[in-house]
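Next come two complexes, and both contain chain A; in the first it sits with chain B, in the second with chain C.
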Partner chain A sequence: MTSIRIVAAISLASALALALAGCGSSSSSPSVGSGTSVVSTGGFQSPLTQSLTAGKRGGTLVVLNETEFEHLDPGIAYYNIDYEVVDVTQRALYSYKPNTTTEATPDMASGPPEIAADNRTITIHIREGIHFSPPVDREVTSEDVAYAIERGANPDVANAYFHSYFDSVEGGPKAEGGPIKGIQTPNKHTIVFHLTEPKAQIVADALVLPLSAAVPKEYAEKFDKNKPSNYADYQVATGPYMLKNNSEGKVLGVGYIPGKSATLVRNPNWNPKTDFRPAYLNEILIKIGGTTTVIGRQVLEGTDMVQNEAPNQASVRLAAEKFKSQLEISPGAGTHYIAVNNKVGPFSNIDLRKALWAALDRAAMDKARGGELVTNVMTHFLYPTIPGFEQAGGLAGPKVDYNEHPEGDMAIAEKYIRLAGYAKGKYSGGQTLEVVGSRSSPAEQDAEVVNQTLKNLGFTTKFTLVEPSTMYSKYCGVPKEEIDVCPSVGWIADFADPQTVLNITFNGKFINPVESNNWGQVDDPTINAAMTAAESVTGTSARATAWAKIDDELVADAAAIPFDWDKQANIEGSGVDGVGDLWDSGEWDYDYSSLK
Partner chain B sequence: MSVGRLEALPPGGEGLEFLDLGGEIAARSPLQLFWMRFRQDRLALASFAFIVLLIVVAVAAPLVVEVLGLPGPNVQNLNLTDSFGSPLGPSLAHPFGVDQLGQDVMSRVIYGARVSLEVAIIGTGMASVIGVVIGMLAGFYPGWVDTLLSRTIDAFLSIPILLLGLGIGAACAVKGCVGGTIQPGLGVIIFLIAIATWPYMARLVRGLVLSLREHEFVDASRALGASDMRIMFREILPNLTAPIIVYASLQIPFNILFEATLSYLGVGIRPPTASWGQMIASATPIFNTAWWYMTFPGLALLFTVLAFNLLGDGLRDALSPRAA
Partner chain C sequence: MTGYIIRRILWGVALLVIICAATFVLFRIFPTGNPAVLRAGRDPQPKEIAEIERVLGLNKPLIVQFWDYLKSVLLHFDFGYSYYSDESVRGLIGERLEATASLTIGAAVLWFIGGLGVGIVSALRRHSLLDRAAMGTALVLISAPEFWLGLIALFLFSSDIGRWKVFPGAGSYVPITSDPWKWFTSLIMPWFVLAAGGAAVYARLMRGSLIEVMGEDYIRTARAKGLEERRVTRQGVRASINPIVTLLALETGALLGGAVVVETVFNIPGVGLLAYQSITHSDFAVVQGTVLLAAMFIIVANIVVDIAYAYLDPRVRYS
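Now for the complex of A and B:
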């Protein structure tokens, strides 16, 4: 399997409780996710309280983006900055309304997935009357959905999560972009998935990801033959908006100028009767570049603009003090924890891991990340909005002594160091720890707190900060480097199923030679077996219970040292009525946001 | 300022009686002449005093921090940040404020001086020694030796040193390079400074030696049977002292900035060791809410570089023959 994304990147969220809903207004009260209600958002607006139907139509929203997009191809996009565009230009089979992480609404699909009793077959009907944007213009069929998913396995598309969720589809593991035996289209409005394992729920859940957004084969195939595919440069849309293009469908240089801007205009073929999105705005102009500090001030003092990425601490503080109505706080934006090497080195000893957990001043680390407004002290691994969070202990977490004191407790830490065989209560093993952190704020502050804590416990460290992507790709994600401590790794679920939080990061079968997301090389046979069993459990509640037990075992094993459940801040100008996506770390949703 | 021809004569020289100096005029040594000129340059004097103070503070950093009642440079105290995690500003207890980890900025600025001066003095010293030796050899031995060394100098001058520093910093960050021999940090910065700046010194020295080797005192030494090494290092080198000192003093601020640049870019000094460049980098994202964090290390860097530059100018003026 390939890796899932890392926190620096982004999120889609949530599992499906697909027994519901068609399109229409959002008058019901959706289930928002486990533990969401107990997370304080400081009295600021949040995706939990915003109105989805009170927007005013028209106008151009300016979006300021510090960084460049990674990929705008729906089959490749994996970062939340990309999702913000893909979400308004493409319609996946299912999608979430902004204020939920657990109720997926049929989008391209006309109803919930039909899962066979043996949990090995999924049948989905495609909505009629949806058309691709120019120059394709024709109606979307089930074959377009099949091709969209199949191309994810094309090495020149290289979707990041295809093998994580679609390997149980017959033919999935060996797929390379061509037709997949287990994906059938008996008619132009029906698609059927045949699985080799009873994992229908997780496959159905994964259909909220943009890989399931239709792609017209006869149009895209020639672009997909390029190495790598450049379909993104000529992409067509099914959503309310499209990247501005010319008559040949070319987007690159027209509606998307790398490093400079992206222009989203209305899709003339979008039929609002087939969609639940209000799509208030006429145009969305995304400007790329600048620095986050300057952008933050520009947005807060401006009118018709928003900051696309999470603002830095200084902007959050400024907003909280002077621009209160322009700040949104969203719970359930992921986790940060310390990955310690379970396989080799001092932290292969469980008692030393518990000692570090006990000694760590998690409250201080969270303060360094921006304080209570944007963090909660993390006490276990499933996070708010993910099913199983409450069963695993909620905010307080499991009652074990090394988890009791968020401010750190050296007495308990010394107890565990003695249990590890160091009679004086300080590590005296003589081995120098390799500590590799991320050179970006606030992760580097976290890293320095961890480094100091290790020294307080008697360890000698070799402390290095590198670029965030380098930390993951070259060191923490490469087992043979034998890094002892990665002080601040993060994770956001692909969707709100507990498997997407725990499996890739703590299951021994996902220790890959490179790009491993099991950074601590956690490989406990008992936990591995429990995860394998839980993968096939069906039903949101049953899955939550099964994975919460696994969470308990991970805490008992001190497999990693948790310190932060993120809440994400987002800021808008005074003239914007922004709506954030709870399922996407509170990122602005341009399908629902409007100008005042 | 002109000191007059007579002042340059040696004291009590035999055979000078015919000048009838009347016993009123005493000749001055070169050091006296230098001091007489240098002390009239108030800016250079003030810079010299600042640098001496800086060296004292850097050497005695632990004592200075203790006397001032400051916490150590790496003492973290998150209680000194507000509810948003923003550091608190200057106060009596923390005159320069604190950083995001509640570490005292003044304490770190004081310790940061150590890094800057180590880099400046050791790096410049190494570059000067290498440059002088290579330059003297190239200047003293025209022909293939000069050609070989001069081309070597050209080759080193073509190395994009900042990119090399960034490359080493990135490629060797964790495990080091060449079997762990090269590890980013102070040692590598000093090494980079040495290999980046010795060619300039070498070119300067080579040019001067090319001229000096034709002087009569060199012929005289050779006639007396002096070896090449003796001529180079005992006869010619003393005549190069002034330009070497001037050039080295002007190289020091460049090297301080080079270290600060690498640390700012994250490939210099490793945290938690305090470095001015690294502090400025960490302060950048929060400058609008914590002005002190960037300002004080920035000022320290500014004044230190300025002081070395002014001192270098003063030394040049005082040592330059044109001033006589």
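Now for the complex of A and C:
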């Protein structure tokens, strides 16, 4: 996934997120963030309080999707829009129940991963009695899981996160789709991962992603030989639902009509005794297209339908005022911050970065994004529901003066400008700042506020707004362009491990010549070393502590200027008993949702 | 005449090649996102990007890519594959043509008949209350963006979210082959919204043109000779309609552009909605296919209108 898509997903307040922090953990504590104001959702429904067992069986749920799917192949799917289908049709080795962000439940696996003492071997046992949907019909084995992961490295499949999480598997870096030496299947129900580095925890954590959902090699191989693979068009399921197909297994044009609809029906080979999902619905009809303005009204005034993506501000307001019982709010849907160039230009000076942080009216920016209903003022970098969030300061954040006033404090800002060497408390270095923002709402409004704040601090700016994707691909993600300020970049985790929030975005080793996601070119040797050490830490609690310390260091370094933690709003029709996830940034979970 | 038509068709093909080249170069010189990078993940390494570029054929020299594309389009009518969904662009467009044709043809008919009808009545009842009301309404419709007009129509008249639940709302479109009555009722609002602006322009143009013609000497002569008013009006309308018909071809582009908006607002799964979705996904292969298709329609419409012009105006002869 590129930053372009990441931010597009975040701007829809949708995407991946959260939990885990230890498939091997024995912790049974409730969700991260519980007991804090983070989970306060103003009396609206929340994934933390919804019943998972009270649904009524039967019926067809209509899901309105403004956006088209990207990739429905479990080996390619990477965005929440695709997870909507993949999560109910495929069973990864582990998955999250809706109300947790700390514990992944064994799904295709029969138990927690067994991590060897040297942190280099992971053994997982596969459940017996799980079958592929027609036309394959046979029982799933560990070889199907191995093939599913191996094909992720096939350039014709090109899984977006294979190399991020599986490169420590022996043979992973050079894998091209064939067998990987470090993935062994000693018997039909056991799979073993051998790693070259002591990174078992992050590899095990990543097994909640759909790449670990079994794919039958003898069936899929012929589709994977196409360039690119078209297995998605003939895919089979292991979950409670499957995309409607014909007798040959063809899904395209039958259960999935691109740009129009997707029809999910019950998988006749799904055995509820092997699964923890209730799967109340008989059918899920996903209609694609339209505009979010109309969809929001259709859902709120309708009965058996939900809006899959985050509704627009008008719909959220309408729901909060008139359809309160049809609104669900979930914490932890990502972050937005200002990337400032740590390497060159005025903001290579730490005191000028702190000055901008102090002066910025973060409260006003969040209000423009919809206010407290869908945002929290961001005070550090790990976000609610990510392990380490509380250790890093929770909602209030670290107690440093430049972080104390969400409305902005010019006096503190001027203090730091003086510390930077400008005696009058205004920047007078004469260098014009290159500010490149995104021409989309609300990022455009963010950019205007940031630009004005910079001017108030004495900076002269060259202010440019471009299309969101261009902002990343041509400017903010290209270090040689030496952009000083990118006013609104966003990030959301692949799953709830703090490494997935901080590593790629702030570790100097991830500064790439193009498509870099370390937009501020943060390259502090101390922080880099701490991150490298933290990558190998095992256990939820220990990892949370290690990465929270790194978060502290990033705040102390004012490596970027945070302003918004997103919450996810979901709306449903009056006849729906929707259950949202904490995982997947709080989007509806159709395995648990039902009709009244 | 036959020679003229053949020449026009050949020029049309040449124009399509030029448009094809222009869009191809445009999307590659000013890309808003490299399709290979879009597939390569969060921390894309040059090797991964290169592999995907190879799979998608983006690693070949630009001129080779263009030649391959041109051959596919001209020889096989193949627009390639979506970078986004890996589906055939021809298939994607083909599935949606019916919806777009239903929308645009219906709107064009409404646009043409409504615009001309109102224009003629306004011209013949000049300065009357009817004339003023019609021209006032036309001014409003010309000024109203289709997106806004569509939303207003839905919030007022759709059966799900409308104040008065009269017509089926967004997402209700069904193909004519599946249920003709549902097809018809689902398109009533989209037709009116898409036709509104154009019909208003036509009404004003037709009114002006007819008023001018009805003041010509030959009309006065016809009346002086005792020709009945109905026949005089028919002559006047026929003479004043030619520039309007020419405009119809030029407005095909506007109609297709409007279809993008109307299909999006009313969630009609047509080519316009496909174009909109493709633009938002930087799916150049599909965008290019839809641009070429639109260009083809505009060129064909212009040829057809030029031919029709000869039949409408006996003074026009092509050699």
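One rule holds for everything that comes next: the second predicted complex is superposed on the first by the 560 of 596 C-alpha atoms of A that agree within 3 Å, B and C clash if a C-alpha of one lies under 4 Å from a C-alpha of the other, contacts with A are read in each partner's own complex, and residues count from 1 in each chain.
To be clear about the criterion, a residue touches a chain if its C-beta (ideal position, glycine included) is under 8 Å from a C-beta of that chain, and two chains touch if they have at least 3 such contacts.
This is a predicted model, so every value here is computed, not measured.
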Partner chain in contact with A:478 - chain B first, chain C second, else both or neither = neither
| query | Which partner does A:470 reach: the first (chain B), the second (chain C), both, or neither? | reply | both
So, A:290: does it touch chain B (first), chain C (second), both, or neither?
second
>> Going by the contact rule set out at the top, does A:259 touch chain B (first), chain C (second), both, or neither?
In response: second
Winner on chain A touched-residue count between chain B and chain C: chain C
After superposition on the shared chain, which partner residues are touched by A:361: those of chain B (first), chain C (second), both, or neither?
-> first
Now for A:511: first (chain B), second (chain C), both, or neither, which partner does it touch?
neither
Q) Looking at the overlay, what does A:451 touch: chain B (first), chain C (second), both, or neither? A) first
**Asked** Who does A:116 touch here: chain B (first), chain C (second), both, or neither?
**Response** neither
Chain A residues contacting chain B in one complex and chain C in the other 293, 297, 467, 470
The chain A residues in contact with chain C across the complex are 1-6, 64, 67-71, 76, 78, 155-156, 158-164, 227-230, 232, 252, 257-260, 287-291, 293-295, 297-298, 301-302, 467, 469-470, 473, 494, 504, 510, 512-515, 517
Listed in rising order, the residues of chain C that touch chain A in the complex are 31-34, 37-46, 48-49, 51-52, 54-56, 84-87, 92, 95-96, 151, 154-155, 160-161, 169-171, 264-269, 273-274, 277, 280-282
The answer for chain B against chain A in the complex is residues 74, 76, 78, 81-86, 100-101, 170, 173-175, 184, 266, 270-272, 282, 284-290
In their shared complex, chain B is touched by residues of chain A numbered 292-293, 297, 312-314, 316-318, 320, 361, 363-364, 367-373, 434, 436, 439, 441-442, 444-445, 448-449, 451-452, 463-467, 470, 474-475, 481, 483
